[in-house]
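Here subunit A shows up in two complexes: once beside subunit B, once beside subunit C.
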Partner chain A sequence: MKVVRPAPRLVLGGLSVLLLVALLCALMTGATGFGPGALWTQPHSEAARASWLVISQIRAPRAVMALLTGAALAASGAVMQGMFRNPLADPGLTGVSSGAALGAALVIVLGNAGAGAGFVAHWAVPAGGITGALASTVVLYLFAARGGVSSPTLIILAGVALSAFAGALTGILVFRANDTALRDLTFWTMGSLSGAAWPQIGVLLPVLLPAAFIMGRIAGGLNVLLLGDEDAALTGCSVGRIRRLAMLCVALACGPIVSFVGVIGFVGVVVPHLVRLVSGPDHRILLPASALLGAALLLVADTLARVIAIPSDVPVGVVTAAIGAPVFVWQLARSQQTGRFS
Partner chain B sequence: MTEQNLLFSRRKLIALAGMGSVAVPLALSYAHAQEGHVVTDCRGRRVAVGPARRIVCIGGTITETLYDLGAQARIIAVDTTSTWPESALKDKKSIGYMRTVSAEGVLSLQPDLILAMNNAGPPAAMDQLVASGPPVVFVEATPSVEAIVARTAFLSGIVGADEAGRELVTKIEKGFDALAQWRATHTTKRRVLFVMRMTNGHPMVAGSGTAADAIIGLTGATNAGHAMQGYKVVEHEALITLQPDVILIMAQDSAALHKDILADAGFRMTPAVRHDAIIALEGEELLGFGPRTPEAALKLAGMIEAASPA
Partner chain C sequence: MILTMQHVAYGVGERLLLRDVSLNVARGEVVVIIGPNGAGKSTLLRLAAGLGPATEGKILLGGHDITALSEARKAGLRAMLAQNSPAQARFTVRELAYMGGLHAGRACSAVAMAGHVRAALEQVGLLAMADRDITSLSGGERQRAHYARVLVQLRSAAGGQGLLLLDEPVSAQDLARQGLVLNVARAHARQGGACLMVLHDLNWAACVADRIIVLRNGRIEGDGRPEQIVSAGLLRDVFGLVTERVPVHAVTGRPFVVPHDIVGHDFSEQNGE
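Right, the complex of A and B next:
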C-alpha cells in the first residue's frame, strides 16, 4: 500500500515551530504572573528586575530541563523500539530506569539524614542514580555481548528480569524507609522537574551531546535492522555493533536524566509511535522528530504541572500519563480506521 | 520507689522464664492486666491496664509526658522520636522509629503495657501487637491544645499518677494562658512557612492540618502554606507568591537546609530570605504537642517577632 507522507523537512520544521511555541509558553507562564512585558516597557524598574530573575533563574532552567528530558526519553525510546523491533520497548528495558531508581533510593533511604554538606545533599541522589543506571546497563550489556549476537527477545527478557530484580531491591528499601524518606521516594518515582537548576544542566549537556552524536551515526543502521537480524547481517551490517552502540547511547541519554528528574513514563514509549504515524519508520527522520516532539510534549506537560494546582507542584509524570494515554489511544483508533498503523 | 519493685519483678520473670516456659511471662503479664483498671483508648477499645511496670512508649509525646509525670522508672523502651528529655534515648532501650515498629522487637522486651500514638505504624505491626497479649493503648495524636490536656490527663490516669497529672495539666493550662496573653498584646500577623526538607531541590512545606500549621497558629502567626493540605512540594515560583515573612525549619539538619534555602532562586525572592528571617527549633519540641508545647510556642512566637520586626 502506498502511503502519502509529508516531506521530512516539513515534519521537522513543523515540530521545531511547535517546540518553540511550547518553550515560549513555558517561559511566560507561572505562579507569580510575571511576564516579559515589564522587561520591554520599563527595563530598569524593580518589576523588570523581578521578572527577569523569575524567568532566568526559575522558569528557564526548568524549561530547558523539560526540553532535554523529553528529547532524550523520546529519542531513546525510538532507538530501543528500532533495535528490538518491538513496539513496546522503552528506555527502561536497558535497566536504566529501575537501576537509577534503585541507586537513588539507596541514597535517599540509607543516607536518610539528607544532611551532610550542601554539596553532598544536592548531588548525592543524582550520583546514586547515575551509578545505578550505568551498573544495570553494564550488566545487561555484558549479558548481551556474551558469545556474540544475542536475539533481541533474549535481551528484552533479561532486561525485564533485571528491572524486576532492581525493583524488588527498591521495594525492600521502601519497606525500610521512614516516612520522610518515603515521601522523597514517592515523589522521585513519580518524576518531577521541580529540582531543575542550571548546574544540573551543565552536567547533563556533556553527556547528552555524545549520545545524540551516536544516535545520528546509528540511524541508518537501525533502518537496516528492521529487516531482521539475519537479513541485516546479509547486507553487511554489523548487528551486534549497532545494538551495543544503541544501548550505550540510551544509557548515556537516560541514566543522568532519570537520576535528576526521576522516572517519567509514557514519553519514551508513545512519542516515537506518534511520530511514526505521521512520518513513517525511517530512523533518520524518526529520531530527530521524536526528540522534537518529546521535548515539546514534556514542556507543555510540565507547564501544566506547575500551574494546575498553584502553589503545589504536581509530579509531571502524572500529567504526561493523564494527557498522553488518551491521546495515544485516540491515535491508535484513528489509524485502525485508515489502516496506517501496521 | 519502683527500682526495687522493678528488680524484683524482673528477677521473677527471669526465674520463671528459666523454668523452661516461654508462655509463662506472657501469662503473668496477662494476669496483671486482669487486676488493673480498664481504660477506653482513642480507638474506642476497652483495654485492661495492669500495674504498668514495663511500659514501651511509641511516640515522643508519650515519653515526654510520662517523664513529666515522674513515671520514667516504669518505662523500659522508647522510640527514636523520644528526643526529650535527652536522657530518655540513652537510658531506655530503643525500638526504632515510631512508624516502622517491629512487633517482634517490642514483644521481645516483654512489656506489660504498650502506649502508642494513634499514628504509630506500620499498621500491620500494630495489629500484631494488639493480637499478641500485652495490653496496647492507642493515644490520640491530634495536634491541638485540647488534645494535649486530654492526653496528659489520660496518661496520668493510666500510670496512676493522678496528683502529678492534675499539677501538670494546671501547668500546661497556665502556659497556654500566658501564650494567649502574648497573642493579645502582639497583634502583628506574620506569615510563617515551615519547610520540612528540600531533598533533591524539592521544597516540602507544611499545609493545613499539620502539627506545624497548628503551632504556627498558636503563636498568633499565619501559616503561609495554609492553602495546601498536609505536607506538599511547592513549585519554586509559587514560593514567591506565598510571601513568607519568616521561614521555620527543624534544628536537626538546619545547616544544610538553611544553605539550600539561601541558594534557591524562589526562596531568595521571599521577604523571609531578603531579611534573613530563617529560624530553627528542634523537631519534637516544635511538632510534638506534649507538655512542652506552651513554652515552645511562646519561644517560637518570640523568635518569629525577633526575626521579622514589624
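Right, the complex of A and C next:
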C-alpha cells in the first residue's frame, strides 16, 4: 500500500492551532461563561475584575496544568511504546503512574507534608513521584528484558501486577495518613486537575523541559530500535543508553505530573496511536505531535469534566477513561489482528 | 586489511561455536563464507560486525581493535544485512533507507543524504516502491529494502568505503534479483569497499567470490579462490553430495556444481558433539 503522509510542518502546525482553540475554549467555558473579550480587555468594573481573577487564578493555571499533563502523558506513552516495541505500553497501564503515586504518597504521609505546605511539599512530593515512576519503569524493563522478547500482553499483565502492588502499598499509607494527607491521597484514585495552581506549574516546567530535551535526543534512536536491538546496534545506536534515557525521561515527565494531578489513564496509549494513523511511526514527528494532541485532548476532556455536572467538578480521569477505554479496546483488537504498530 | 580475525573462538556456555578462526578481508575483495547449517557462519559474521565480544582471539576492523570501537564509530566502518529483520512498524521504504544514515551519516548534508537514499533504492530496484509501507511488502522486497538501508549506512559515512556484511542476502530473492543483490555487493567492493557474505548457493558463491572460506563445525576448512575450493571433494566431505566432476563455466571460467546424488551422510556428527 502506498503511504501518503502529510508534511510534518502541516501536522505540527495544525495540532498547534487545535491546541490554541482548546485553550481558549477552556478559559472561556465554566460555571461562569466569558466572551473572548474578557481575556484581553482591561478589567475596570468590579464584575470585570472578578472575572479576571477567575480566569487568571483558577482557570488559567488549571488549563496550563491540563496542557502539560496531556503533553507529558502522551509523549511518555509514545516513548514507552518505542522503547518496549509495544504499541500498548502506557504510563497508566504499565504501572508507572501507580509507582509515581506511591512515591509521592510516601513523601506526603511519612514526611507529613500536606500538598501546598511550602517549598518541601512542592519539591519533595514530585521528587517522590519521579523516584516512584523510575522504580516502576526499571522493574518493568527488567521484567520485559528478561526473556529478550517483550510480548504486548506480557507487559500489560506485568503492569497490572505492578499497579496492584503499588496500589496496595498506597492503600496501607491511606490508613496511616492524617486528614489533610488523606484528602490529597484520595483524589489520586481518579485523577483531577481541580487543585492546579501556579506554583505547581513553576515546579513542573524545570522538570518537564529536560524531559522534552531528552526525548528530542532519543527520537531518532527510538525509530531504529523498532527494527530490533541488533539492527539498532548495527546502525550505530547504543541500545542500552537509549533505553536508560527513555526510562529517565518517562520518569521525569510522569513522576511530578502524577504527584500533582493523580493517575490519568489512556492518554498515553490512545493519543500516539491516533498520531501514527496520520503521520506514521517516525518518533521525530510522533513525539511532538503526541504532546500537542495530548495537550489539546486533555484540555477538552477537562473542560467537559468541569461543565457536565455544574456545579460539581467531575475528575478528569473519569472522562479520559470513559473516552479512552473503548478506543483502547478497539486498538487492542486491531493489534491482535495485525500484531504491529497502528 | 579492512577486517582481520586472529585465532578467534566463540562459545555459548560449554559449547564452542567457533574455534581458532583466522581470516583476512582486503579492500576491493568479495569473500564468501560457505558451509552447512550450524557451521557457525552467522556467528562469524556477527563477530565481524562487532555485535558481541569473541571468547578468545582478536578482531581488527579497519585496523582498530573492534572491542575498543563505539557503536557509532563501528557504524561508519561496517554495515550488516541480517538474515531476518522484522517489519513491525509501518515505515515506508524510503524512511527505512534513511535510517541507515542515522549515525553513520551524521556529517552528511541533507542533500547528499537524499542522493544516497535515492541511489540505493534505485540499485536494489525499489525506487518505484519508495512510498510503500514496509509491512505490505513481500519477503524479498523487504529484504532489499533493508539492503538499501545498509548501503545508505556505508555510503553516508565519511569515506564511504566500509565493510559490507551480508548474511544470506539472496535467500528471499528470485533469480534475477539474486544477481542484482550480488552485483551491487561486488560493485561496492570494486569501488574501494569490501564484502564478506554468507551464501548457501555454491554456484553464486563461485560466481561472485574472489575468495571462498569453508566453515564446518566452527572451524575454517578451506580458504582460497573458487576454482581451488569448489571441488567434488568439498561437496562430498562438507555437504555430503555426490558429483563426478565439477565443470568449469565456458564464459566465466568459474566452477559450477550440479549434484546428482546424496551420500548416506551422518549430519548429527556435523552439528556439534
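In this section, the second predicted complex is superposed on the first by the 229 of 342 C-alpha atoms of A that agree within 3 Å, B and C clash if a C-alpha of one lies under 4 Å from a C-alpha of the other, contacts with A are read in each partner's own complex, and residues count from 1 in each chain.
In the analysis below, contacts are C-beta pairs under 8 Å (C-beta built on N, C-alpha and C of every residue); 3 or more make two chains touch, one makes a residue touch a chain.
Note that this is a predicted model, so its numbers are computed, not measured.
K.L.:
With the two complexes superposed on chain A, say which partner A:85 touches: subunit B (first), subunit C (second), both, or neither.
P.N.:
second
K.L.:
Which partner does A:195 contact after superposing on A: first (subunit B), second (subunit C), both, neither?
P.N.:
In the superposed model, A:195 contacts subunit B only, not subunit C.
K.L.:
Who touches more of subunit A, subunit B or subunit C?
P.N.:
B
K.L.:
For A:234 in the superposed arrangement: first (subunit B), second (subunit C), both or neither?
P.N.:
Second partner only.
K.L.:
After lining up the shared chain so the two structures overlap, which partner does A:281 touch, if you call subunit B first and subunit C second: first, second, both or neither?
P.N.:
The answer is second: A:281 touches subunit C but not subunit B.
K.L.:
Touch test for A:244: subunit B only (first), subunit C only (second), both, or neither?
P.N.:
neither
K.L.:
What residues on subunit A touch subunit C, complex-wise?
P.N.:
1-5, 85, 220-221, 223-224, 226-228, 230-231, 233-238, 276, 280-282, 338-342
K.L.:
Where on subunit A does subunit B make contact in their complex?
P.N.:
30-32, 50, 53-54, 57-59, 62, 108, 113-118, 121-122, 125-126, 176-180, 183-184, 187-188, 192, 194-197, 306, 310-313
K.L.:
List the residues on subunit B that touch subunit A in their complex, please.
P.N.:
97, 99-100, 196-197, 199-202, 204, 225, 227-228, 231-242, 252-253, 255-256, 259-260, 263, 265-266, 268-269
K.L.:
Can you check the complex and tell me which residues of subunit C touch subunit A?
P.N.:
Residues 49, 51, 70-76, 79-80, 82, 85-92, 95, 99-100, 102-104, 131-133, 135-136, 146, 149, 153.
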